[in-house]
Structure formats: structure tokens, C-alpha cells
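See the structures that follow.
Next come two complexes, and both contain chain A; in the first it sits with chain B, in the second with chain C.
Entry: the complex of A and B
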């Protein structure tokens, strides 16, 4: 239902998106991960049809996205900078969105406003940063659009509210399965509700796959400094750390490590642990130039 | 909501948790096991991830699918699990125990006595494990 073929977008000479290609055909809760400025928001706006690509038109439900009313009626995008009609109450905003989105669930929307203690008569412009984020999310979920794009939905929210928010998104997804993309530069707190990850780095799609694939990309190998150092000569090392005189740990790609076909005695002297998707993301997108340890140890 | 800890992928942790539910007898053979949606609710995880965890057990023959009814614990589940645990987990624990004993200069006779003492504490439970 979403197809991107070499999507490229220039802004004032900078390439915000470079040859992005990916496809999503089934309901999913996909995390779109990338550092600040990686291109996540540009991608979402292009998918929603608000930005015209420089080349490579994204298609949703087989239709070209840009300024397409069919696409617009089936896509809901929320992001921090979005504007709402000024001077009206939250209730009135919900009403107007209900007119536009066929499957809008107004009962759910009002119930959620209540749950989060958002006064329906308030004006959006008067809301605090956190409350505004909450309102945008309530709007997005209630719209029940076939493609729902949540750009950094937890911006400004208190930690306790954020936990609720992810639980809420999961619950609503199960109730009404659809394509939901959530962008964040912080994977840790939303990892558990996702089934796929789309990793964006410097405008490119670096990885797109099931959550578990991320968890098996890297491993942390711990052992005696002699053995570890000999391994370092044969592998690409993403991080090296000394845990005192007797133990050294390196982070390497799991596949490379397995391809070494180490002898059993060597393998048994090593401790191998998985790396969380959060850390995998950091290793994949960290800029070259060594880690903090090198800076301080030299 | 239950908390998941550890660095293992979530679906593997779910698989382990389900196996423990079966081993402990909280879910019995031929009983319906937690659905992917129930697991999603309990742990706050994506149902696709929960399904992957369940499928681990299907692959091992511990759980099977009944068309239109859901997933059930197989009658061989306990036998399979105990065999697997004996092979993997127990071997690991024995290795760690022996390593520690060697480190602390504990002679084998003393180690065996310690094990016997611990096994006899169980009393009735020992017989049911035969």
C-alpha cells in the first residue's frame, strides 16, 4: 500500500532524501528511526502528499501521493509544527476532522480527551507543548486512516504519559489494524510495540526489516584481552571496551563473527550477548571517529 | 503488565516464558495456550512478535495449531521440554557448578554430598520427577 521508488528530495541545495526505496503492504507498527535531521519528517510529508519529490514519486494505494485527494482522505499525518484552524475549541477541531475522515471514531476521541484530562472547550493554541502532542495523537488515532504517520508523537510529554501513549497506540492498532509509522530518534521506549523498523540515515533508507533482524545484527563479544585483540584484527569493530585488566569487550556484526568459525575451545572462553535494537541503531548511525573511550583513554 | 528484561530478542523471551508456564503446570497438555493477542496485552508487545514466540514452540512440537480454535499445548510437551532442559540448561549449570567448585578447591565427594542434601530437601517432589 505504500511504495517508494528512489524517492529523492532537495531543499535549497541539500539532499534531504536520497533514493529512498521501500514497500509496505500489510498492517504494521513500524518505527521510522533516525537521528535528528536524517530525513524522517521529509519522508512523512512526502508520503502524505504535502511535498513534491524532486524525483521518484511515492505511491499509496496505487495512487501518486502528491496533492491527491484520495490519498489525503486515507492518510493522517501529525507532526509538531502542524497548524490548526485558530480560535476554535478542541471539540470543534474533532468535529471538522470527523467530516473529512470516513472512519473517524468520535466517541473514542472524546473518551481519550477525557482520559488525558484535556478540556474539550480549550483552544489548541493555548495548550502546553505536552498537551498539544497528546491532542495531535488523539486526533491521529481516532481518524483511523489506513496510513497513519506519527512524527515524534511523544515530544514534550511527561515520562509517565509517554508510557501510556505507546500502550495506547498498540491497543488501537490491535483494534483497528492498519499501517502506522512512528518516527523517533529514541527507539528504546517504543521498541516493544513495533514489528518492523525502517532506519533512515542521511536521507537514505539504511535498513528495513523485522524488529528481530535488528536484534541480531550485532553482538557484544567478551573475553580475555589476548583473544579479543586477535579477533579485532579480523573483524570490523564498532566499539571496544576494557573491563579492567582481565576482560575486553568488542561489538561486531553477528554474521561476520559467525563466519569466523572459531574453534570450540575459543568459543567457550568467550561470552556473547545480543545487542538491543536501540544500541544497534546507535552503532549503525554513529559517525566515524572512534568512541568516547578512545578520546579519554589516549 | 509484565516486564521483560534481558538482552535477548523479545520473541525469544516470550518463548522462554511460555515454556516455563508449561513446565510449571500453569498451562497443561491439551489446554489452550495464550493467544498472540493475550500475550500482547500481558507484555505490551506487538502481536506479531508474540506470534513469533509462539511459533518457536510450534517448531519444537510443544504447541500445535487447531484450525479455527487456536494454539494448544501438545501431549508430549512436558516430555520434550524436560529432555531439552536437561540437555541445555542443566549441562550449563553443572559446568558452572563444577567450575566454581574447582576454583574454591571443593573436593568432588563434598560436592556430591551438597547435591544430595539439596535433593533430599524436596522430599515428595523428588519422586514425581523420576
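Entry: the complex of A and C
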């Protein structure tokens, strides 16, 4: 359904995406995560056919995305910068979108406006930042497009509304399974609803797979400083921390740790814990050249 | 996959977009009314001569529809620029460059027809207004025997001139949007080059090379053969359509 093959995009010599490759063939609720400037918005705009790639071409439904009318009919993209005609009420905007998206569920849209206390007669440009985000999300979900791209959908929302919104996305996905891509910096908030993760860093796809795979990428290994120090020499350590004089913890890749084939006595002296997907994201995308501790301790 | 993949044709989408744009551009007609009201005001005050003595004062006022035409042209220029400049909002609904272009052109044509109709009725309307406000209104002999066909010709010519100006502004707006700051710099550079070339041509004594705006206007305005005039206008509009499409083709949406 979505296929990106070596997708690269430059803006005036600045690289936004570099050899970005992945494929999604089944309905999934995928979290597109990455730090600021990782290329998430550029990826979404390329998938929606807004941007012409420098090389490679994303294809959706077997067709090249750029300026393709079939792709446009079956993709719904929302983002903070999206624009509407000025002076138009929310009800009028719903009516306009209903004309273009054949599966648009106007009953759902009006029901959601009521649920979130958005006055249908209000003009979009007069909404607060959080209310505008909620309205955009209502549009996106009600459109019921085969591919729904939500770029930072919770921008400006209160924490309580954000929680509601993630539940809403999940509920809608269960009701009408389709490909939904959600981008955010805050993986922790949305990991409970996601089934897949697409991690982008510096324009490249670092990881793409089920959330469980992502959760098991790293382990936190805790034990005596002597054993941990010996492990540090053999493994790539993503973070090291001392817990008092006799205990040290390191974060390493699970696969590398398992490949060490440690003796049973050593294994028993260590405590091995999984880490959250959010922490995995941080370790994978952390800036090179040491953490904040090293900056202050040097 | 539960979702259905929809595959409506470009023309179907373009027509839906045209309808949507008409609904969302109803303000354009209010602006037209406003501009034409200003135009009527200036038409009445276009020229005035007065003479008199202690006992008698005679005021001769000329009602001239030219300001009305100029302001209607100004209106279509602004509409053309607006349509080209406010592109990104439509792409979030179903759109591509072709449908956006098609619906924009359709809207400029609709605007031109409405502008042409209002200008066709402007003459009789000015006469009516004149007879309300002044005691004695004399129609210029050149317009004394104007029949239905003349009115239709006026409508056609006004519409086609408005179409030229609207499409010209649209093409300008599309290129300005596409090339942003580079377009402004390029335009300034071109004007400077043209001026320099004209000065140079005048100095070396080849006046045929110098740019004369009046000859450009005269190319259409002084054309006596109706069919030739129509051909000139149609080719100009077609050329501007082509240039606009070249500008919008492969345009990215990235505001």
C-alpha cells in the first residue's frame, strides 16, 4: 500500500530525507518518531504527493505519489500549517471536505465536534491552538481515507485532551482499520495505541517494525562495577550510571548482550531489565559525542 | 484492508474544486460591486466644465465610463493574483496541480464573464443614473444608435479583455509563488535590461527595437478586423494559459 524506495529529498542543498526505505502493506497504526528536523514532515508531504523527491519515489496503491489524483483521493494529511479558506465556519469546512472524500463520515464529524465542545459556527482561524488541532484531527478521522497521515496531531492540546485524542484514534482505527501514520516527539504518550514504529533520524529510517521488537531492542544490565566494567569493554554502551558504590547499570543492545553467552554464575549476578520504547528512541537518536553528564563532568 | 480505494477522474475532481472555489470566493463579487461603485463615482466626475456670469451659470459635465473599466480590470488583476497566491489550502483537500490549474482558469473565466456582463449594463445604467441626478442628459452621437448586437460585442470584448488581464495576473502570480524572491529579482533584472536595451537602441538609431507600450495596446485596441482581433485575443489567452500551466506543473506544496 505504501512503498518508499531510497527516497531522498533536498531543500536548497539541505538534506531532509536520505535513502528512506520502508513498506507498509497492511492496516497499521504506526508511530513515526524522530527528533526535530529528522524529516517526518517531509516524509508525510512526500507521501501525500506534495513534494517531488530529489531521487526515489514513494508509491501508494501502486502509483507514484507526486501530484497523483488517485493518491490525493485516498490520502488525508493534517499538520499544524495546513490552511483553510478564511471566514469559513467549521460546519462549512466539513461540508467541503465531504464533497472530496467519498467515505467522509459527516455524522461522526459532527458528533466529535460536539464531544470536544467545538462550536460548528465558529471560524477556524479564531480557534485556539489546541482547538484547531482537535478540529484538524476530526477532519482527518472523519475522512476515512485509506491512508491517514497525522503530523503532530496533538500540538497545543491539554494533557487531558491529548489522552482522549489517542483513545479516539485507537477507537477509530479499530472501527475502520486502515493505514494511520502518526508523527510525534512524544512516543511515551502514544505507545499504548501503536502497533508499529517507524523511527527516522537525520532523514534515514533507523528502525521499522512492530512495537514489541522496538521494546526489546535494548536492555538495562545492572550488577557489580567489576562485572559491568568488563561488559563495557565488549559491548557498545548507550548509557552508564552508578547506583551507589556497589552497583552500576549500563544500557546495551539486547542482541549484542545475548551473543556474549555469559557463564551462568555471571548471569545470575546481573539484573537484566527491558527499557521503555521512549528510552529506546532516546538512545537511538541521541546526539553523538557523549551525553549531558559527559559535558558537565569533562 | 477495509478502506475502499477511490479513483475518480481528474476532470470530476476539477469540477468539484471549481464549485468549491466559487462558494469560497463569493467575496470576489462583493469586491467587484465595491470597485464598480467607486468606478461609477469617478465616471460621474470624469470631466467638468463650467461657465457663467452674474445671472447665469452653466455647468457641462461629461460622464465617462473609462474609470469603471479601469477599476474592473484592477479587480480581475487582484483576483488572478489571489487565485495564484492562495494555492496550498486546496491541496489538503483532494487536488493536484492539474485540477488546481483547471479550476483556477475556470474561475477566472467566470469572473471575466460576470465582469463583462456588468460592463455591458454599465452604459445604460450610467444613463439612468445621469437622468436621475441631472436635468438634461445628452448621449454622445457615437452611442445614439446602439443595438443589441453592439451590446453583445461590448460584452464579448469586455469579457475577453478581462480574461487577458485575469490570466496575465494569474500567470504572474504562479511564477511569483514558484520562484519567490528569485522571481522579484528576475523581474527587476528584466525591466532594467529592457530599459538599457531601449536606451542603447535609441542611441544607435534603431527605434524599431525600442519598447513602446502604446504599440502593444494598439495591437489589440486599434485592430479593425473583428476576426483578426478575435484571433489575436484567443492566441494571447491560449499563450497565457500555456505559460501558467508551465508554471504550475511540477509545483510543490510546501508552505
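Just so it is clear, the second predicted complex is superposed on the first by the 294 of 298 C-alpha atoms of A that agree within 3 Å, B and C clash if a C-alpha of one lies under 4 Å from a C-alpha of the other, contacts with A are read in each partner's own complex, and residues count from 1 in each chain.
The working rule: a residue touches a chain if its C-beta (ideal position, glycine included) is under 8 Å from a C-beta of that chain, and two chains touch if they have at least 3 such contacts.
What you are looking at is a predicted structure, and each value in this text was computed from that prediction instead of being measured.
Engineer: Following the superposition defined at the top, how do chain B and chain C come out on chain A, clash or fit?
Structural biologist: They fit side by side.
Engineer: Is A:167 touching the first partner chain B, the second partner chain C, both, or neither of them?
Structural biologist: A:167 sits against chain B, while chain C stays out of touch.
Engineer: Can A:72 be said to touch chain B (first), chain C (second), both, or neither?
Structural biologist: second
Engineer: So, A:274: does it touch chain B (first), chain C (second), both, or neither?
Structural biologist: The first partner, chain B, only.
Engineer: For A:193, decide between first (touching chain B), second (touching chain C), both and neither.
Structural biologist: Touch status of A:193: first partner only.
Engineer: With both complexes overlaid on chain A, does A:212 touch chain B (first), chain C (second), both or neither?
Structural biologist: So A:212 only meets chain B here.
Engineer: Figure out whether A:55 sits in contact with chain B (first) or chain C (second), or with both, or with neither.
Structural biologist: neither
Engineer: With the two structures laid over each other on chain A, which partner does A:83 touch: chain B (first), chain C (second), both, or neither?
Structural biologist: second
Engineer: Hey, in the superposed model, what angle do you get at chain A between chain B and chain C, Cα centres, nearest 10 degrees?
Structural biologist: If I round to tens, I get 150 degrees.
Engineer: By residue count, which of the two partners contacts chain A more extensively, chain B or chain C?
Structural biologist: Of chain B and chain C, C contacts more residues of chain A.
Engineer: Check the superposed model and tell me the shortest C-alpha distance between chain B and chain C, rounded to whole Å.
Structural biologist: 15
Engineer: Once the two structures are superposed, pull the chain A residues common to the chain B and chain C interfaces.
Structural biologist: none
Engineer: Would you pull the chain A residues touching chain B in the complex into a rising list?
Structural biologist: 28-29, 166-167, 170, 174, 191-195, 210-212, 215-216, 273-276
Engineer: Provide the residue numbers of chain C that touch chain A in the complex, in ascending order.
Structural biologist: 1-10, 13, 16, 19-20, 23-24, 27, 86, 88-89, 91-99, 250, 252-255
Engineer: Which of the residues in chain B come into contact with chain A in the complex?
Structural biologist: Within the complex, chain B contacts chain A at residues 1, 4, 7-11, 37, 40, 43-49, 52.
Engineer: Name, in rising order, each residue of chain A that touches chain C in their complex.
Structural biologist: On the chain A side, the touching residues are 1, 26-27, 45, 49-52, 61, 67-70, 72-74, 77-78, 81-85, 87-88, 96-97, 99-103, 144-146, 176-178.
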